[in-house]
């Protein structure tokens, strides 16, 4: 079932090592079929060079495994909460990509220092708060999702397609699995350049708001004119 | 038309990912035929691995598309202004290469700390001022070109074949598209080493002027003696 | 003799250059057969591209060469002491991997700043003390091992599968040679991210203890639920 | 003539881009035949991917070209002075490798922070002083050599097989061209780790002298016991 979606999610997963976003099995990508209410996700801890499209696991939105010989990624409950709360998104990625993870470990949101950031993320890329001891012991991965959702209470996840989880690493999303991976690549590049920008100038302010508006709107929104 | 120039511009564009200067479609190269008053530029937002020489777009110096099935790069009006203002140049490159972009995001010119820089750029690689709100809303890409030209009011663009646009990224140029890419590679390498130099010594001064003069003149000017 | 172990140790050694952990011959991997009380280790100073499985050297736990045409790695006495003191381990790796070595050169333990670290190492990755002048002149490599063992007097080497030797570089270990290399890769990645984390926030605290506990236990211990 | 030496020098030059030490043509390697008093060096400004063994230029120790269709590297007078002053060396390399060049641009010697450095360089890797205006205008490349020699007035170039030229970049040497390149690779790695070490600990002292002695002597000198 869902062979086409499995193939897409498989290919999006395989893009992670090619793009240098992951070491070993430290990442996972999922994609959802909104009509059927099912999503497809990478199995837990399987080597990327042994992964096959048919190894992808099919889950429903109650968290039940619908198909698959493997256990799904241990982060599946996080993906599930995000799919339920953000109906606009079709794919989710989690990685430990080194620059984004370094910001997460510093518990800092990434300020928008330039147009590379503004082309994809409108404003700061937020760092979600740490989970409480209770949230961790009770249902860690599910609560990770709920804390992300809390972080986006007043943000549109389409305008800011990613988040840092404190002391952990990034999640990104998009209209499908491929776009979610694209945003994970952009986040890593933006995180790297923001870190270097701060080292070149300790008191550097964010890019002027008009530049941020211009670039985000040049690629998104009703008057976008970038691309074909 | 302009098949040879299209091929050159195509190859110069393809050199950007090979040299690690771009992620996805974040860059563009153009080249000009001064006799005909036409320039050739990469189409907007087309994947590098799908790009073909015949996809290059031909533009005239009034900004009209003369030939091409695709829309030209969204940065085309910037290239156009530079070609009009700098008659000595034959090729232009724009990238978001990470080290140069970090300097641009810090709104800092790159001081000349050594001979690698002095071999190609005479003095600072300047960071152009930010555009005003009016300049952004009115004709953003065209005004980006005009602000670069303003930055070079008292500089020779042949001696300083590149610039940083504040909160955005670098433009470089050269006698043709290939040399413009060569200068983009050099700028990225110089930007990286200058950042590291400052971290090794907080109060580091620029290289002595005599060294800067010697190295620039060793490769350029009437008594150049580098190369064959 | 020990053909299978030699093959495993050979493959683990060859993984070091593939993973970017070593330059030239700056590393060595060994693996032990506990039943026979023999371990297999890389020969000293042989180029990786000339190495063959049959070049591996077989040693006993008194430090005698049992088989092999080459001299064993000069670090063999360190491996020997670790095998004797840590009966739970089956493979050992030494490298000069650049980020871990930079921490070692700074004589600093690596604090646990996030889940990537906590997934593999429980608490700080310790930096062992420098050897005394006497320890160096007397039996340098053996005493390197004894100082590591001293560092783990109150630590379980299974929970913290690696160490930094002051002004030198890292050793890691695991249940076999392959896992020891896996932990060397993780250590390098964790060392890199910890350094960047500190630059992004000078006063950054370690990750909350509950997060460290949760992640280590998610992958290790009786209730582990990561992987298949 | 000197076909074998040309082949060695050619191969040593080709190792520079493979090891990531150079961009474009920013480097050169030479090797000397001490019996004949002739050295072989890379031609100036020729692309590495077009270089052939027969393109190497043969020079005598008075600075005359003895054979070769190309002009020799513009740095030839520097190599010449070093061969005359340091009779123990058989090969020389110059690069603009990024980490070593960053130290050179900071006009700083590289302290010995650990065993990776001590295995190859005994004590600091010195940064030579800047040339005076007169030295630059008179015979720049020759005087670069003389200033290096001045730097080694009280140092043995066999124990410290490399130097940084202020605001310029590194030179390394060895018993032949291949060893000189090996030392250039080591210098770049050591320069990188030393920079990172200082960022991890601002007041970091050099490695204890006993460690420096032990490691240098383990690989060099009459009682060396590293390797086969």
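Just so it is clear, A, B, C and D label the chains in written order, and each chain counts residues from 1 on its own.
Here is the rule we use: contacts are C-beta pairs under 8 Å (C-beta built on N, C-alpha and C of every residue); 3 or more make two chains touch, one makes a residue touch a chain.
For reference, the UniProt names are A, B, C, D = L-ribulose-5-phosphate 4-epimerase.
Values in this document were obtained by computation on a predicted structure and should not be read as measured data.
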Same or different for chain B and chain D, when you check if over half of the residue numbers at their contact belong to both copies? different
Centre to centre, by mean C-alpha position, how many angstrom separate chain A and chain D? 46
Cα centre of chain A to Cα centre of chain C, whole Å, reads 33
If you look at chain B, which of its residues touch at least two other chains? 199
What topology does the chain touch graph have (line, ring, star, complete, other)? ring
What are all the touching pairs of chains? A-B, A-C, B-D, C-D
So, in the complex, the side of chain B touching chain D is made of residues 113-116, 182, 185-186, 189, 192-194, 196-197, 199-201, 204, 207-208, 210-211, 214, 218, 225-228
Touching residues on chain C, where the partner in the complex is chain D: 23-24, 26, 43-46, 70-71, 74, 96, 98-99, 101-108, 130-131, 133, 136-137, 140, 167-169, 195, 198-199
